[in-house]
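As written, the chain order gives the labels A, B and C, with residue 1 at the start of each chain.
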Amino acid sequence: MIEGAARKPAIEAKGGVLIRLWNQAPSILFRLVLFVIFFLLIAPPAIVLISSFSRALFFTFPPQGLSLIAYERFIANPALVSALKVSTTVGLANMVFALVLGIGAAFVIDRYRFPGRDVLEAVLLAPLMLPVLVLSIAILMFISQLHIPRNFWLLTISHVLVTTPFVLRIMLAGMAGFERVLEEASASLGARPWQTIVKVTFPVLQPTILSAGVLAFVVSFGQVTLSIFLAGQKLATLPVVIWAYADYSYDVAITAVAAVIIFVTIVVLAIVEKTTGVERVF
Amino acid sequence: MATLEQAKVAVRPSTQKRYGRLLVPGLLVLPSLIVLLVFVIIPLVFMFRYSFYRHGYLVVMEPAFTFENYIRFFTTVFYLEVAAKTLGYALIVTVASLIMGYPVAYFLSRSRTRFRPLLMAIVIVPFTLSLVVSAYGWLALLSQNGIINWFLTKIPFVDEPIKLAYTPRGALIAMSVNFIPYQVLALLSAISNIGRDLEEASYNLGANRRQTFFKVLLPLSYPGILSGCTLVFVLGLTAFIAPRLVGGASMIMLGNLVYDNMIVYLNWPFAAALGFMLLGATMAVFFISNRLLRLEFIERERGLR
Amino acid sequence: MQEQTKVSDVKLEEVKKVFGHITAVDSVSLHIKEGEFVSLLGPSGCGKTTTLRMVAGFVYPTEGNVYIGSKLVNDVPPYKRTCGMVFQNYALFPHLSVFENVAFGLRVRGVKGDEIRKRVAAAIELVRMSGYEKQYPKQLSGGQQQRIALARALVIQPGVLLLDEPLSNLDAKLRLQMREEIRDLVKRIGITTVFVTHDQEESLTIADRICVMNNGKMEQVGSATEIYEAPQTVFVATFVGITNLLEGRLLGEANGGLYAVESKQGIKVIARSAASEPPKLGAVAISIRPEKVCIGRDSPKDATNVLGGRVTSKVYLGAIIRYRVAVRDGLEFVVEQQNREVEQLGKGEEAQIWWASKDALVVTHK
């Protein structure tokens, strides 16, 4: 150790700065590559946020001047405001359903030991691997053949299909860390089973439930594919609006719409980080 | 008399418990299973059936039992070209996202920087963010006067902005970056499981960085690579949003064919056939990957690796 | 505190618990009297926790009966029993403050406002934790959490207090202090207490009676003195304290409750039996505590049970000196000598050891 430290300066004296640079090149290069990748990851939402506050009516870089014109146009456009309402209500209704289904299933998988338990878990998580495009068209064809019109509840349930597995996965991870002895302590203090569930189990699992809930909300809030096929005209959600507009025309208000979705996503991730930590969820 | 009473005490609670045991979990999982059955399994089964229907001019789907949708797909050069391109594009984004995701995953699993939560969030944001929103962002980044061309034109050799928006090139860049999080999340646990000491042992035995990477790190993170690539490949196969928005009208993947036949041409039986083939391809990919993974574990158990 | 729920006795009758292929507890019968402090002692996996949990109601016995205060509770769920329980990791509710943790048992019973405040304050006072009401469990040290867990269990005025290795997560010094505190507190209230531990010293110092368990079976029940001075089985003799054990055969009764035993090495020993019924002929063992064995260059004229040997090691322990003496055919004795005795031997010296017949005990293999 000491020997090495003593020898180093001698080499440096010979080769000087160039050799040191050459020796460190791989790690410098690695850092540079990392920087570029992280930049690419963050750039799309960042550019949308920046443009949404820009005065220019088109994307330009560097941005020119600050303004809220995009947001003003958003609010002034009834179609966009209605889409915001639809996205929010579908997201919330979806969250409730996904929590009910996901928590129920998680309880069974976590608490009971029975043959076929692994299969049950795999089946309930399977929608995560199903191509959403295929699922969307299958549902659309099926309901059309049955002459069921597209409506709010259908859209919601379709979102529930893809958000419940998220909830299930997060709940299973959270419940694995739940100390069952707390429930025994509760029972020993005279709490009936339902009292234990209400006063101990749910409150202790509350951060996990919150995480799962907001994630279910945001996945629905940003969900495009299902909504494109199953929303119909009246129930267009924010992502559907972006899809439709981006195809045909350009309107700065759309930048504001995209920015709103980004805000919601960031808020949700912040909540998840605060309650259970992002890493424990994904 | 006494024995009879004891018997009662012994039997009653256990039968009661057995019914209770079935009732509660049943009530808790049944709704999930019903929803899956009604909204996933049954529609998929019917889609399979619809793929043998005929496209009518007055009705979107005309009940029939014909293979013409499949025959049409396999005998039309255009569709086969689209299929080939789709496979190619999916492969490109899989490899590209792996190449970009690996350093990120390696860094995140090794470094102890205090910015870790922030960096992790940067990885997670595209994962959670709506596909259209990031496509929209990419459009802005790649446009003639977007940031990337602004940067490129500052380089001495590049005079003209490069056309990236509304080209397959641009869409592939966008998709590759969008899929990085899947690769990172799959690789993170795999790389974390390879102890630092293994790498150090490799250096210790005189291996250089490149050898250590190819002989130690890469083989040991193979399960993570496989599962990440599987997910991304499947997502690439069925992509249609980024290809349409960023790639422009000229970029047609199988997903776009499905969309157009559903929404524009209203040829639902053909869309059903395409959808069914995509589903089959997806399941085949997952199946193969699962097999490979199992093989890998068996080999590891035997100590062949 | 107000009117106390009646302190109950606990009775286990031939209790057995089988988990799959494992018999965790095997025909344990034990009567714990009102206000008595009993400790369950035994090695890891011997069934202590399972026994305790059968009293609490978390585990239902496969066979046998559990009574709490003369009521058969075999099928009574835990929340209908009057057992206060303290867990190894305290199991305080992380989402509730100290006050709410202690109040929990009262709230689920429907006790209201003022009375809750009074009783919780009294319970927190009892464990000397006043002033911490607003803190959360995470903000407390291990010892403080332990006290709150105790207050929480006691505030509901249970008939029985159950503690499962409550001190094992504390550091050595705190463990001694908490041991005293728990004993004082429990005795002051006069509650029936069952205390599980695998630490023999803890067990001997804290309990009125100790129940030594091994392999799911009860080996011996008795006071600390009885367990130490008069072990009945090989397991009890070796598990509690150090002992010299001579495997052998019971030849027959000598006189006055003394028995003749011949060890494998052919040493004939006269020994006492502590069991209520006389030991059967056949394989038994002799247990002689090291401090009961005398050592010297020459034994006194009137000494009984004299053996000659050589000192193979000598360890100076301050108050005592511990010798190892090789006697015969690989048989080695541990002998402890008080430091005040004048004649000390060196390593390698020839020595004689002897003991009184009443200090040698016949112990059986159970």
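Assume a contact is a pair of C-beta atoms (placed from the backbone, for glycine too) under 8 Å apart; a residue touches a chain by one contact, two chains touch by 3 or more.
Values in this document were obtained by computation on a predicted structure and should not be read as measured data.
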Inset, instruction - Please list the single chain whose C-alpha centre lies closest to the global protein C-alpha centre. - result: A
Legend entry - Remotest chain, chain A as reference, centres from CA atoms: C
Legend entry - Separation of chain B from chain C, taking each centre as the mean of its C-alpha atoms, in whole Å: 60
Inset, instruction - Would you mind pulling out the distance in Å between where the CA atoms of chain A average out and where those of chain C do? - result: 55
Legend entry - Averaged-CA centre spacing for the pair chain B and chain A, given as whole angstrom: 15
Legend entry - Touching two or more other chains - residue numbers and ranges from chain B: none
Legend entry - Complex contact set, residues of chain A against chain C: 179, 181-182, 184-193, 195, 199-200, 203-204, 206
Legend entry - Touching residues on chain B, where the partner in the complex is chain A: 21, 25, 27-29, 31-33, 35-36, 39-40, 42-44, 46-47, 50, 60-61, 100, 103-104, 107, 117, 119-141, 143, 145-147, 150, 174, 177, 180-181, 185, 209, 231, 234-235, 237-238, 240-241, 244-245, 255, 258-259, 262-263, 268, 271-272, 275-276, 278-279, 282, 286
Legend entry - chain A-facing residues of chain C, complex: 56-58, 77-80, 83-85, 87, 89, 91-95, 104-105, 107-109, 152-153, 156, 162
Legend entry - Residue numbers on chain A that touch chain B, as the complex places them: 26, 30, 33-34, 37-38, 40-48, 51, 58-62, 100-102, 104-105, 107-108, 111-112, 114, 120, 123-124, 127, 129-135, 137-142, 144-145, 157-158, 160-161, 164, 215, 218-219, 221-225, 228-229, 238-239, 242-243, 246-247, 254-255, 258, 261-262, 265-266, 268-269, 273, 277-279, 282
